[in-house]
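Note that the chains are named A, B and C in the order they appear, and that numbering of residues resets to 1 at the start of each chain.
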Amino acid sequence: MKKTIAILTVLVMISLFSTACAQATPKPAADKLEEILARGTLVISTDPAYPPQSELVENAARASDTKCASDQHTPSELSGFDIDVGIAIAEKLGVEACFVTPEWTMITGGSWANRWDISVGSMTITPERMEKLYFTQPYYTTPAAFFVSADNTTFTQPGDLAGKKIGACTGCTYDAYLAGTLSIPGEKIVQVVDNPQFMGYETDINAIQDLALGDGLRLDAVMTALPTGQGAIDDGLPLKQLGEAIYFEYLAVAIDKTHTPDPVPLVKKVTEVLKELHAEGVLLELSQKYYGLDLTTAAGAYDIDSLDQYP
Amino acid sequence: MLMNDNAIIHVENLHKWFGKLHVLKGVSFSVSPKEVMVLIGRSGSGKSTLLRCLNFLEEPTAGTISVAGDSITTAPGVKLDPKKILAIRLKMGMVFQEFNLFPHMTALGNVIEGLVTVKKMSQDEAIAMGEKYLSKVGLFEKRDVFPIRLSGGQKQRIAIARSLAMEPQVMLFDEPTSALDPELIGEVLDVMKQLAYEGTTMMIVTHEMSFANDVADRIIYVDHGEIVEQGEPEKIFNHPSDDRTRVFLRTFLHTDQSD
Amino acid sequence: MSVETQFPSDEPDIDPSMGEALQAHKNKVRLIHTAKIASVWIALVLILSIGLLQLRFDPGYVGEHYGFVMQGVLTTLGLSVASIAIATILALLGALGRLSHNSIAQGLAGFYVSLVRGTPLLIQIYIIYLGLPQIGTQLQSLGFAHLGKTLTLTAIQSGILALSLNYGAYMTEIFRAGIQSISHGQREAAISLGLTEWQTMRRVILPQAIRIIIPDIGNQFIAMQKDSALVSVMGVWEITYRANRFGRKDSKFMEMFILAAALYWILTIVSSWIEERLEKRLAHAYER
């Protein structure tokens, strides 16, 4: 009895401290980028809850010759748009991509305790998040657009929706846009619809289904993400897009401001890498592969320097 | 009274309070080597408390207790030294009404527990000693039996062996037969008689009056936390000088016989 | 001898044969009873299954993909075993503290139990996973480099620590009750033999208390297997995490969650069975 307890205690102590000590050996790096290059791995957070950006791969074998730590996952165990972008960034840096999968709120909240280096998680740049996180050049966008019934002939442009019943998810950016309160860092918002009648829904899908019941029956239009609306049309719902994208939400790589050592050179380097990936058409190709749409060109044109992030 | 210089136990002006209750009211007495002293009295008279104060199972409120050269004097608010208490405890063996054998140890395990843990004896030495005392109480063949398989009388004899094995200078018995079925009392009393015959110094709290009459060198009658009367059995049982003793003995012996 | 002659002479062996017949009858009754209970269980499982199929539950999907979720069983079990082991040590220390006469030990143990029992496990997980490293960073800036790194536990280590601390607090009360249930006479017998308080606890009280406590540890272990699902928030790929994230892939949440529920259920059935056997063995200990 006594012995068992003693042995258990020792085992537990060893397991608790072994990893901690193993991490403590390398010589101190001047900044985060240097640390990553010296380590040879880029630790990327992703929450595989959102296909097609990120999802788990069944029957995946962990790469055998990996430098990823035992509690990190190798690229083969995950798949999706975000995952491929993460791998492309790591390749450009000349290091191996490793993934960790904490909950989304742990990622957006900042203070990562140096557990992972970057988030490639389709994170929208918002003023609130900018307080805790640095953002790189966005790698793609979520365009917002209006959708109306396929039968409708009276609406020819978004401006025609003035005073009409427009459905959208409550509390999301479309809600804010229709209320005239939306602001997106680095983006100029133009109000194209006067006095819309906002109809709140729990999710975009509910609004789309109500619109699909018939033109003007419950809704005249829906405001949602372009890929979401396009997906509904692809699924056979009688809808059509009205005009061009109204505005873009920019989705970028995020890096914890509290990183030690200094994360700023890493932010700048990843921005540089993403600009290259835009220029080489790699990101556009991935966007076509996963969404069948060009969601990246606008992201490439975004002026990240306008955010004025660094102290 | 019977104070003498070669007393093995000397108690002076012992007081015990349980909250507001004054249970021992300045008791003093001595016990000589090889003396068998029996304490009698009504339940609640304080005789068990007196015994339990001697080895500090109950901490006395005030007074002096000396046992074979070790002495502790206490008063309200005094913090006692655990080492001194331990020294006194080791000079006394205690046998309880409820036996209090350790149920997770065999008979032998019970007997050698103190030898191994307290006296730091080697396992072999302790076992030899344990076997000797198991034989002494006539239960060598129960050596490897757990208490649950023993009768009450056997349990109490093992408990006696457990205390004896520590080779104390005095044995204290707190109503050792009160929890036993009548047919099992005899075997325990026989062991105690044997000890008395061998010259073991003993203090016994009991209601077994004829046993007391047989083995006691001296009887002490305790009432309301005070020693009312003491003397040889013949004197106490046949010619008690105090009315309270007389009333106690009359009612007690009467109810005893009517059982 | 004289008793036997009182029986009619043509039935000399009435006693043994009747004993066997009685025993056989008793066994038969017991078997029928067990069979009845089993059929109730089977009926309930069937009703449940039919109900699930009404929910547009797709058993074929589970059949194809159960392996992925099953891989989490080892993680769940490992987490629970490690945590219950540490929790047991913490609970023992906690109980000794609470029963101690030392005011500092009593204060420490009381504070630990009150704080941990008074806060949700999920929040404890967040604090250990995300809060401790921040303390570590502060220490590091003060020059305690090694200490700072040590406070940054991996997700699994954080999970084990949180579960251990949490269950240790609840089990402290179980241990305390177990220790207090040992009769006062045991302590008196031990100290009058000259054992110190600590020796009395270690040699006499604890070995007896453990027998009383073990069934409760078993129950806590069963509860812990289910509570370990909370560590999925740190991205540990145990049963719940795998079921949840995989279910999103093809919008087969119900299938994956029911699979996860079934796995937990099986784990607890096996644990209860082991615990019951252990309990029985303990009940018959010391009966030579």
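Note that in this section contacts are C-beta pairs under 8 Å (C-beta built on N, C-alpha and C of every residue); 3 or more make two chains touch, one makes a residue touch a chain.
This one's a predicted model, so the numbers in the text were calculated from it and none came from an experiment.
J.: For this structure, which two chains share the highest number of contact pairs?
T.: Greatest count of contact pairs is found between chains A-C.
J.: By C-alpha centroid distance to the whole-protein centroid, which chain wins?
T.: Given all protein C-alpha atoms shown, the central chain works out to be C.
J.: Whole-Å distance, chain B centre to chain C centre, using C-alpha means?
T.: 45
J.: Centre to centre, by mean C-alpha position, how many angstrom separate chain A and chain B?
T.: Each chain's C-alpha centroid was found; their separation is 82 Å.
J.: Per the centroid of Cα atoms for each chain, what is the distance between chain A and chain C, given in Å?
T.: 40
J.: Two-or-more-chain contact residues of chain C, please, as numbers and ranges.
T.: 207
J.: Flag every residue of chain C that touches chain B in the complex, lowest number first.
T.: 183, 185-186, 188-196, 199, 203-204, 207-208, 211, 285-288
J.: Which bits of chain A are touching chain C when the two form their complex?
T.: Within the complex, chain A touches chain C at residues 1, 5, 8-9, 12, 15-17, 19-21, 23-24, 47-51, 55-56, 58-59, 71, 73, 100-103, 106, 109, 111, 113-115, 258, 260.
J.: Within the complex, which stretch of chain C touches chain A?
T.: 65, 67-68, 82, 85-86, 88-89, 126, 129-130, 133-134, 136-137, 140, 145-146, 149-150, 152-157, 160-161, 207, 210, 233-237, 241-242, 244-246, 248-249
J.: Given the complex with chain C, which residues does chain B contribute to the contact?
T.: Residue list for chain B touching chain C: 55, 57, 82, 86, 89-90, 92-94, 96, 98, 100-104, 106, 113-114, 117-119, 144-149, 159, 162-163, 166.
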